[in-house]
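Each of the next two complexes has subunit A plus one other chain: subunit B in the first, subunit C in the second.
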Partner chain A sequence: MSQQVLVRGTRTPIPPGRRRGRRMRTSGLWAHGMVAPSVLLVAVLLYLPFLWSLYLSFTNYDGSGSPKLAGLANYSQLLSDPVLATTLRNTGLWVVGTLVLPVGLGLLIALLTYNIKGGQWLRLPFLLPYALSGTATAVVWGFVLQDHGVLNSLLATLHLPGGSVSFLQQAPLNTIVMIFAQTWQSIGVNLLLFVIGLQSIPREPIEAARIDGARGWKMFSKIIWPLLRPLTAVVVGLALVAGLKTFDLVWIMTEGGPGRSSETLAVTMYRDAFVADNYGYGAAVAVLLTAMGLVVSLLYLRRQANPRNDVQLAGGGR
Partner chain B sequence: MTAPGTARARHRRHAWLLALVLALVALVASGCGGSAATNSTNLQLYNDKAAWKPFYQQMSKLAHQQIGLSITPNGYADEPTYQAFIRSALQTPEQPDLFTWTTGPLLRQLAEKGQLASTSAIWQKAIADGNLPKGLEQYYTVNGQQYCIPENVSYWVMFYNKHIFARDGIAVPSTWKQLMADAATVKGHGTVPFYQTNVLFSFVWFQTLLAGSDPGLYTRLTEGKASYTDPGVVKVMRLWRSMIQDGYMSDPGNKTDPATLLKTGQVAMIPDGTWFDTSMVQAGMKPGTDYGMFVIPAVNPGLARTPVALETGPLCIPDKPADKQADMKFATWWLKSGPQAAWSDSRDDVSANPSVKISDQGLNTLTHQVVGSKYQLLNRYYDAVSPNVLTAALDAFGAFMGNPNSYQSQLATIQRAASGGAGS
Partner chain C sequence: MTGRHASTAVRYGMTSVLGLIWLAPLYLVVVNALRPSTGYTGTHLWTPSSHFALIGNFGKAMTAAGLGSSLAATLFYSVVAPAIAVIIGAMAGYGITVLRLRRGFAWFMVIYGGTLFPAQMLLIPLFFGYADARLYDTRLGLILVYVAIDVPLAAFVMRNFFMSTARTVYESALVDGGSPWNIFWRIYVPMCRVALVAVFVLEFTFVWNDLLFGLVLTHSSGVRPLMTTLATLSNPYAGVTVPVILAGGLIVSLPTVALFLATQRLFAKGLTLAQL
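Let's look at the complex of A and B:
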């Protein structure tokens, strides 16, 4: 009997030679054809606009007429902008805060409520805010945190400190409270993802570890956490990017103020392009933000893809 | 070996799937096509005043009855989004029939790029017929030609709660000294005298105090011919600081609607445009009974004329609309006394047409007062400066209100923007 080859994606074994090559080419063509519209959409709506923004960053375009080249003036101005330090600090706070709070708390709640009776009901209050949009979240929390708002009034009524604190008018307190507002809204998605991750962990390593006497922190750090790695890579990666491009909550709650003290890079980009009509400068900020996102993502993903990590996962070669 | 029938079935399935995908793509692409061609009996009016939709619709009915043209308002609530849309639209064949804009550098920008139709003929006729005051022309003139027409006109005055004034036994002030004495009395009775905000209208007190101290410096500053670090400007910031530190100003971070604050007596006085009258009426207040308005006395008692900030919003016709004749016909009709009276009454605001008698007695009196010889009209700060200076200034004034001792650094920040440097 001649050797038969099973081609991935089909159930039918086919003979080797010309017929197999033609089938694979045909199958490949269909696949490319199916994917082509989506690729075209992404290229037109994402890559082309980015190239346009890159071009604009070298011009002094004000939104009307034709852009005029201005060389590196926008980048030079950006690097000497006294507000840049503030926006980088705030963006850094958002990245760290988005990683530690929504992701950390999401994992903690997932672990505490997993495999216990009524666990799904305990998770519900954390999942519900995720149904709200960022804008709705910002409006609600703006109402709570504004001067003489709900929080001020509640603290004053209970004779607790903070009744006259301007939560949104002082930096960096305004950024910190906005991170808490974001945490309230985004714990749900991280919690959901971690629960899915926990569900996908096979029983056998857990049972084996239990037999060996592993419990609590040891069970989590030696068995559960390494097995959650593929999912954690995704969750943390998404949180990193989300933190870098924070915009809607900040814009609605403070518009980056007062006095630009709560601005993030994304807010600076919007403000300079669409409010100050300085599209070239705004585009330069956009390019900087994109570059930062790419570098952070690549560094992080490269670390996750390190073969040494896979060996550790497999038990160090045992 | 694959059965031929199975392979053919798979090919047919693939062909159907591909056809479906292509059809979907075509459907989406067709949805991205341009809007339907404008019918010259209905004009699309794009505006940044989404809350005025009912008023535009009233005017549309009137215009349809009188000249056979109606308008469909397309309102935007977010200013940056609106401006970005208009700038993009003007560069395409799909230009709006009519759109609202801003006087000052923004009007100049579009006019100099040839993106606006000249309305000089409409202006000359309207002035000759007494439908527009000559003094308004300068705000619509670029390089000797007029562009756009006034959609609305407002004067910046002080709204006050009449019940609080009656409670405290104070009269409408005619001098700055009297105004400060009234403020002290109001504060003594536990009410915050003046409203201020650190969002959008953070420029109002700067405008009021600087124009009221030195209108010449104010004008030079807005034209870029003076510096924000000028001693006259610094002096104004110190005055503003003292008013904040003396407790005369409301919390700038309070996001409660100012009409509500005035209605509930949380503040006694609010400097605002006369269009704020609309908000007061909508908040359920009665003009003349619950609230009134007065011209803000000049800070400098030695000024021959009291400065009053003027705000006028243009209604513009692009250079290549679908039906320029219809647009011009509508613009000519808009300025006449009949439509202007209806427009003014609908919003409880003043009219650009000096012959119009407004129903609101208080507004009527005020309108005729400020165009008299004892008053000097100055362009509102918001419209008079360029967008990058305005953006820096609004942020800086907002920061100043939170930390009044930072006035020097805030002025330096605005000046950097005005000079085109970093931080703008």
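Let's look at the complex of A and C:
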């Protein structure tokens, strides 16, 4: 098409057109070359292992010899495995707990410290733990929650019940206290995002509502919350995915025990594959985890798939 | 007006009390990390010891379980892998949007689709594949995994960024005689450096904090990443006293705490960019 335009415009035939054609061909090569490293890395190190795991989940591979196909044996075993029922319950607790607590508290603290003098110093204690890894958080809270640990002695000193409770030794208490530990760590990111969201809300609607007499809860529910919703979508999305993949904290604080009472899907997968050498079964657990993640993201994306959100989100990022 | 004052006082009160609760575990860690490790009894945990033993405990943590060599290895991983990933991802974004790769959107989806797989789906094949390819327990092996995991995010952010830049920038640079690579390196990379740094900071933290790939793909101390070694150290059977474990936890956290506090806004920008 461009050739035609050139011909018509300049009345000098072919040469310019041919030159432009060559340039476009080389730019096509360049384009392929630029994208190739990403595609290669992703194909070899993400897609290939993914497909291989999918295949292994239909085998009884135990790490030696070659995998033998076993049909749906792993999956039918999954359905009747009592460990998996516990694991699913714990994973559910993690997803709901780490969604409600860190997001809710993060929003609360963002609102409480928003627009007051020294607000950034009041927020600092909540931001600090976020820079800690799951492993370091587990070290900190293992110290607090272990038998005869800090929390036990604190409760005993204050003459409160719980001085001799083994927080990490009984289910589902161990999962619940670990969710609190996770809340301690992850409140910071939600707080940070909400503060930025609040700061990017335009002043006019707030001032207008104030003149109309809106205060407190009414101001929040009618004006601030609707304006924060796109950002809430980001925060909730991050929390859902993280909750579903919980591993570090549980693996270090309880190794999924005692027994297998505090395992999450990610811990069950690791234990079945790399501790019990049951790689086929471990792969099936990984497939289940992937499927649940996909379902959650799809349900979530469908609710959030609203072009208006994108525009506001871009504003929230600034 | 008094109502306003009262509510402000409540706001200060509530956040201060909650803040103190949030600081308490950190206080305990610091106080007990500087307690002499030999006389540790597990009592009087709230009162600082009169002997300052933090440096000694740092030293013990560094030698115990090879935390020192893990620190060096992890510093290498968490700088090199995100740096490579950010450049490779930017190249992909540039190829797709600026150079208008044919079926660019499909290729983009192929790259970005990599974020859909949880690590659990990759571990078993990587473990056996790495053993066959002699990449198991090597620094190169870990760098490759970290780069591959970091690339989709970088490509995603950079594609979005380049889509918002005018095509005329490329065309006029081409007329001035620049090659596509030079235009990328001299014009587009400097143009998007804030986004590049935001993604780098985010991915630095991801790699620094990784436990799982280190657990599955390494075993010797010069290769094992930091968090995996800390996890070994914190195991009750490792025979290390509490003050040394806590000192270890402090050392491994200081770099990310410092980075996070210095780049809060950039960090949050990275997170929101990543979700767009």
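One rule holds in what follows: the second predicted complex is superposed on the first by the 258 of 318 C-alpha atoms of A that agree within 3 Å, B and C clash if a C-alpha of one lies under 4 Å from a C-alpha of the other, contacts with A are read in each partner's own complex, and residues count from 1 in each chain.
Here is the rule we go by: contacts are C-beta pairs under 8 Å (C-beta built on N, C-alpha and C of every residue); 3 or more make two chains touch, one makes a residue touch a chain.
Source: prediction; values computed, not measured.
J.: Let me test your reading of the model: by the given contact rule, A:A276 touches which partner, first (subunit B), second (subunit C), both or neither?
T.: In the superposed model, A:A276 contacts subunit B only, not subunit C.
J.: Just checking: does A:R260 make contact with subunit B only, subunit C only, both, or neither of them? Give me first, second, both or neither.
T.: After superposition on chain A, A:R260 lies in contact with subunit B alone.
J.: Pick one for A:S80: touches subunit B only (first), subunit C only (second), both, or neither.
T.: first
J.: Per the contact definition in the header, classify A:L168: touching subunit B only (first), subunit C only (second), both, or neither.
T.: The answer is first: A:L168 touches subunit B but not subunit C.
J.: Between subunit B (first) and subunit C (second), which does A:I211 come into contact with in this model arrangement: first, second, both, or neither?
T.: neither
J.: With both complexes superposed on chain A, which partner does A:W30 reach: first (subunit B), second (subunit C), both or neither?
T.: A:W30 sits against subunit B and subunit C alike.
J.: Among the partners subunit B and subunit C, which is in contact with a greater number of residues of subunit A?
T.: After superposition, C is the partner touching more of subunit A.
J.: Can A:D62 be said to touch subunit B (first), subunit C (second), both, or neither?
T.: First partner only, subunit B.
J.: First (subunit B), second (subunit C), both or neither: which does A:L160 touch?
T.: So A:L160 meets neither subunit B nor subunit C here.
J.: In the overlaid three-chain picture, which partner chain does A:I252 touch, first (subunit B) or second (subunit C), both, or neither?
T.: second
J.: What part of subunit A is shared between its subunit B contacts and its subunit C contacts?
T.: Dual-contact residues (subunit A): 30, 33-34, 37, 63, 142-143, 148, 270, 274.
J.: Mind listing the subunit A positions that touch subunit B in their complex?
T.: That would be residues 12, 14-15, 30, 33-34, 37, 40, 62-65, 77-78, 80-83, 142-143, 146-149, 166, 168-170, 255-261, 270-271, 274-278 of subunit A.
J.: Which positions of subunit B touch subunit A when the two form their complex?
T.: Per the touch definition, subunit B meets subunit A at residues 1-2, 6, 14, 17-18, 21-22, 24-25, 79-81, 83-84, 87-88, 90-91, 109-110, 113, 115, 198-199, 251-256, 387-388, 390-392, 395-396, 398-402, 406, 410, 421-424.
J.: Quick one: in the complex, what on subunit A touches subunit C?
T.: So the residues of subunit A touching subunit C come out as 27-28, 30-35, 37-39, 41-50, 52-54, 56, 63, 109, 112-113, 116, 122-136, 138-144, 148, 150, 153, 184, 187, 189, 192-193, 196, 216, 231, 234, 237-238, 244-245, 247-248, 251-252, 265-266, 269-270, 273-274, 279, 282-283, 285-287, 289-290, 293-294, 297, 310, 313-314, 316-318.
J.: Any idea which subunit C residues touch subunit A in the complex?
T.: For this pair, the touching residues of subunit C are 7-8, 11-12, 14-16, 18-20, 22-23, 25-26, 28-29, 32, 42-43, 45, 88-89, 91-92, 94-96, 99-102, 104, 107, 110-111, 113-114, 116-129, 144-145, 147-149, 151-152, 155, 180-181, 184, 205, 208-209, 211-212, 215-216, 227-228, 230-231, 234, 242, 245-246, 248-249, 252-253, 256-257, 259-261, 264-265, 267-269, 271-273, 275-276.
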